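We call the chains A, B, C and D, going by the order they appear; numbering starts again at 1 in every chain.
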Amino acid sequence: MANDNAAEGQSGPFDPTTASRQEIMATFLANDLEDGEILQIGAAMPVGEVAVRLAHFSHGPNMELIFIGARMNAAHLDVLPTPEFGWDRRTVRWAESYSDTGHRFDRVKDWHRRVFFVGGVQVDPYGNTNLIGVGDDHRRLRFRGPGSVGTSTLATLVGRYHIVLNSHTARTFVPRCDFVSAYGWGQGGADARTKLGLPGGGPKYCVTPLGVMDFAPDTKRMRLRSRHPGVSVEEIQANTGFDLDVGREVPTTPLPTPAQLEIIRTRADRRGALRH
Amino acid sequence: MNTGAHVSSATRHENIVEEADAATWVSDGMILAIGDPAPMAMIRQIIRRGVKELTVVGSGLALDLLIAAGCVRRTMAYYVGGGSGGAVAPSFRRAAEQGEIEVWECEEGILTTGLRAAAQGLPFLPWRGGVGTSLPEVNPDLKVIVDPIKGQTLIAVPAIEPDVAILHAAVSDAYGNVQHCGGPGWLDLFLQRAADRTIVQVEKIISNEEIRANPWATTIARADAVVRAPYGAHPFYSRGYYVQDRAFTRLYVEAASAAASSEDRSLLDHFLARYVYEPQTHGDYLEAVGVKQLIALYEY
Amino acid sequence: MANDNAAEGQSGPFDPTTASRQEIMATFLANDLEDGEILQIGAAMPVGEVAVRLAHFSHGPNMELIFIGARMNAAHLDVLPTPEFGWDRRTVRWAESYSDTGHRFDRVKDWHRRVFFVGGVQVDPYGNTNLIGVGDDHRRLRFRGPGSVGTSTLATLVGRYHIVLNSHTARTFVPRCDFVSAYGWGQGGADARTKLGLPGGGPKYCVTPLGVMDFAPDTKRMRLRSRHPGVSVEEIQANTGFDLDVGREVPTTPLPTPAQLEIIRTRADRRGALRH
Amino acid sequence: MNTGAHVSSATRHENIVEEADAATWVSDGMILAIGDPAPMAMIRQIIRRGVKELTVVGSGLALDLLIAAGCVRRTMAYYVGGGSGGAVAPSFRRAAEQGEIEVWECEEGILTTGLRAAAQGLPFLPWRGGVGTSLPEVNPDLKVIVDPIKGQTLIAVPAIEPDVAILHAAVSDAYGNVQHCGGPGWLDLFLQRAADRTIVQVEKIISNEEIRANPWATTIARADAVVRAPYGAHPFYSRGYYVQDRAFTRLYVEAASAAASSEDRSLLDHFLARYVYEPQTHGDYLEAVGVKQLIALYEY
C-alpha cells in the first residue's frame, strides 16, 4: 500500500513536493479509476495516459487499456511505453486484441465500465464541451476546431468521463459553448441526461493545471473542488469565464504519495512527458 | 471514487469457470443465445440442471435437443434444419406444430439486425430484407416503417438482447481472450456483442503470451467466462479439431423423429438418459462416446 | 467451345441423352449465369451447386463462389469438391477470403451482381416462396417449415434469383402461399417490386424436375417456358395447383452439350449427386 | 441470359491498374473517401490531375494536403488534427474559417453509421451518440427522430456513399484480394463497404497461392483496382513496413501553417511543386525523397 513507502518521506528520490502540476493532475485522475474498468485513451492526452498507467500499475490489475484499436492489459509488465508512434504497428505491441477490424462501436454493452477523458476548445458551467470551433456562424468560424473525434458518442454512452484541459483560461471556460460536441449536463439539473435518454453517466471531474472542478449533484453546475498547491481560489476564478461555485474552504489537491510518484517516474511516464 | 492514494499488489483475475458453475448463469425464463459450432458441453449441463422456459436464439440440432429436453418456451431462429436427417429438425417441428413452443419468426438479416441493435445500445435498427413478406404479420415485434430521410419502406427490428450467450471456440487464455481457428462461427460475434454475458467453451486454454503473439487473431476480447471443454462441440464440428459425428447426429435425429411422429419417446428418452442425464460431467459424456469414436473424427 | 467436342457426339462417354433431369436442370441454370457474377450457394442445394461449378469451369473464370462464409475462385483448379463437411474448416479449403467475421450483410453494394437459388415448401404464381410452413394459424401450423434462412434479405437485394425445387407437385405449387418468406412478384404486375422500393431484380426462373417456368414481363405471372425431355405439358399442369400460362408451343429444355456433361461428371459433380 | 451452351477458355482478369489510370476514376465533384494509412501515392496523382470540387471523407494531414492543393469543396471528417504540428490541420483550418470549404460536421460514431447505411443499402441508420449536441443543428442532414419501437430520441444519419474509396494496405494478389499487416486502418473497411468502387494501393503484389494459404487474413475481397505503390503511404506509416516520417510532415505543416497565417503561400507552393507537381510518377516522388530517408523509416 501507499504508506509502505512513507518512510522514504519527503526528501527521498520521489519526494511528493517535487510533483509537477501535470503529475498531480494524473494522480488525481488515477485515484478515481477503479480496478476492472476499461480505459479508452485518445491521442495527445499525456495526462490521461499517465493516469491510466499509474492506476493500472498501482491498483488496477484488471483494467483494460485501449489505445486506438489495441486492447491491452500490462499489469504484469514493468513498464509500458507511451505509444509514441501513433497508429503504426507498434501501438499494439502489448495488445491482447485489436478491435479495429470494421466493427467499431459494435459492442457498447460494457461501456458503463468504460472511462475516458475529453478535451475541448470551450467548456461551459454544465460540463458541455466544444471541439467544433468558436464563432457565431458555423460556416465562417472565428476559430475552426479539429472536430468532435469520437467524443459525442463516448460522452453519450460511457459510465463516466473526465474533462481534462491543458490550460485554464476565461477563453476556454465560457458561460455557454458556441457549439456543443460532447453533451455533459446540458442546461443543468440532475435529470439533464436522463430526460434525453442518455445512458452514460456524464462528466464527473474537470481537471486543469489550476485545480479540480466537479458538478453539484442537484444543479450539475460546476464547482471548485480543489486547487493545486500554490494556486489560489482567486486565480482560478479570474481565469474562469463564469461564476464557479466555491465552498467555504477549498482544499488543496492531494499530492501523489512517494510510491505513486515512483510508479509515474519509473514506469508510467518514463519519457517524463509530465515532469515539468 | 477510491478515497485517496492506493498501491495494491492484487493480481489479475482469471476467467476460467467450471462447467457446472458456468451453467448456473442460465436460469428459467432467460434469453439464451447458442453459437455455431454448438457449445454442446454447456448445453448438456444446462439440460441436466433442468432449466425451463428459455427463449433460445439458436439454430439446428443443438436447439432441437434443448426443445426435446423441455427447456424451451420460445425460439428466435432463422433456420432449424434437421442436418443430414431432414428438412426440419424433428423436435422443433413437432413442438411448433403442437403449439408447445412459440416461434419468434425471423430471418437471418432480421435476426442479425436485432442483435446488432442490442450490441450498439439502440432500441431498434432498420432493415430492408423482408419488406413485402409475411414476417411483420406473423411477428408483431417487427414494425413496417417509413424512413425519415427518404420515405422508403423498411422494417424496424427491435433490439434482441440475450441474457447469456454460450459459444464454442478453439482456444482462449485464462483471461477470456478467445481465438477461433478458421474463423468465428456464423453469428457468434453478433451473439457475443448483443448478450449481457458470454461464456465461451474452448478446446484448450493457452498462455497469455501466445495470445499476445498475434492479437489480431483474437476474436473475442475478455469473454466473461471460459470453460475448458475438449471435444466440447461433439457431436458437431470444431474447426481445426474434429468434424461432425454424422453417425451420432443420425442417432439423435432418428430418436427425435420417432418421438415426434409416433408420440413414442422411448428411443429419445434412452438417448437423453445415456448421453445427457447420466453423465455427470463433460468428461463422463466423452467416456460414454468413447475415445475411439472421438479420434476418428479428427480433421484431415 | 462447346462444339469442339461435338465430334464425340451422341454415343461418346458424355452422350447428352444420358443426362439426368437434375443434370439438365443444372445445365439450364449454368447457361443463365454470366462471367463476373457472384454466386451464393446455400446448403443442401446440389443442383445449384453443380450449376455454379459448371458455369465457373466452362465460361465463368471471373465468377466468385460463396459457400457459407468462404469466397473462392477455382477456375484454375481441375476439380472443386462439394463442401460435404458443412461448416467445418475444410469448407474454406479453396477460399480467398472468409467474410464471416461478424459483419455479414455489411456490403450489399455489389449484390446486383449476385445470384442465388431459393427453395420453398410453397411457391405461388407470382414467384413468392414460403419456408415458414403450411397452415392457417402461424401458432399451430399443419406443417412447420425450417424457417426463412437468409432468403427474405437475399430475395430483396440480389440482382436476380432462381427458384429451384426438388419436386413439382400441386402441394408445392399453390394459388397463394400461406406465408411468404421471400417476396417474388407479390400480387403481380411489372411494378410489383419497384413500388415497394425493392432494389433486387426478383425471381427469373423456376426450375423443377419437370420443366422450367418464367414470369411474363407485364403480369409477372408464372408461365411454362420449357419441359424436360419426356415430360408433357399436361403432366406439368396436372402437378401445378394453379393455371400455368402455356404458350402455343412449349419447347424441350436443352440438353447439356457433351462438353458440358463432361465438366459436370468429371469436375463439377464428381460425387455424382445429380447422376440419377 | 447467355443464349445456349458455352464453354469458354477465357481466363481470370487481373485487377492491377497503373496509378495514372486509377486516378482517372476520380473526377470533379465526386465523393472521395481516403483511408488511414493514407494512400498518398494516389492522392498526389489526383492532385496532379487537378481534380476539383471534391467532397472528401477523410482526416488529418492527407485531407489537409488535398485542401491545400485546391481540390476540395466539402469535408466529411470527424477529426482534422495537425499531427504533431498542432491541434488543427492548417489548411483545413484556414479554408473552413474563410468559408472556402464546407464542413459537413460529424463525429466518428455518426460518420461510421452513415457509411454503414450505405454499405447495407439503407437510406439511413439511427445512432444515439450526439443526441443533445449541436451536430444536428449545424448539419441539417442529421435528423433528430423518435424511435418507432420505444420512443427514444435518436439521430437519423443518412447513407454516406463515396463514389470511390482509396486505401493503402500491405499486400494484394493480382485479383484484388487484399491482406493488411497489423489490422486494417481505422475506418478503412467502412469506407470500402460504403463506396461504389475501391482502389487499394499496396506495398507489394503477392501470389494468389499466398492469399489462399490464409484466407482468414483477407481484409478486402476483390478490390476493384490494386495499384503497386511501395512506400506509397509516405510520409505516413504503413504497418509492417515503415513509420511516419515526422521530419517530412513537419515540413508540410510549417509550409501550410505559413500559408494559412500569413497568406504567404511561397513555402507551400514550393513544397507542392517539389513533392507533388514535379514528380510525374510515384517513382519520381520517391527519388525526390531519397532512398536514404525511406529506409531510415523501417519499423523496428
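Simple rule for what comes next: contacts are C-beta pairs under 8 Å (C-beta built on N, C-alpha and C of every residue); 3 or more make two chains touch, one makes a residue touch a chain.
Please read these numbers as outputs of a predicted model, since none were measured by experiment.
Steps from chain B to chain D, taking the shortest chain of touch contacts, total 1.
The greater number of contacting C-beta pairs, out of the two interfaces A-D and A-B, is seen for A-D. If you average the Cα atoms of chain B and of chain C, the two centres end up 31 Å apart. Mean C-alpha positions place chain A and chain B at a centre distance of 39 Å. A separation of 58 Å divides the Cα centre of chain A from that of chain C. Each of the following residues of chain A touches two or more other chains: 92, 98, 101-103, 105-106, 157, 199.
The multi-chain contact residues of chain B, meaning those touching 2 or more other chains, are 120-121, 127-128, 152, 182-183, 189, 193, 216.
The part of chain B that touches chain A in the complex is made up of residues 1-2, 4-8, 10-13, 116, 118-121, 173, 175, 177, 189, 192-196, 208, 211-212, 215-216, 218, 220-222.
Here chain D touches chain B in the complex through residues 120-128, 143, 145, 147-150, 152, 154, 156, 158, 182-183, 216, going by the rule given at the top. Those residues of chain D lying in contact with chain A across their complex are 36-37, 77-82, 87-89, 92-93, 96-99, 102-103, 105-110, 112, 127-135, 138, 152-153, 181-190, 193, 219, 237, 239-240, 243-244, 299.
Those residues of chain C that touch chain B in the shared complex are 43-44, 68-69, 85-90, 92, 98, 100-102, 104-105, 132-133, 138-157, 179-183, 186, 193, 196-199.
Residues 1-2, 4, 27, 31-35, 58-59, 61-62, 64, 70-71, 73, 75-76, 92, 94-99, 101, 103, 105-109, 111, 157, 199, 254, 256-257, 259-260, 263 of chain A are the ones that touch chain B when the two sit in their complex.
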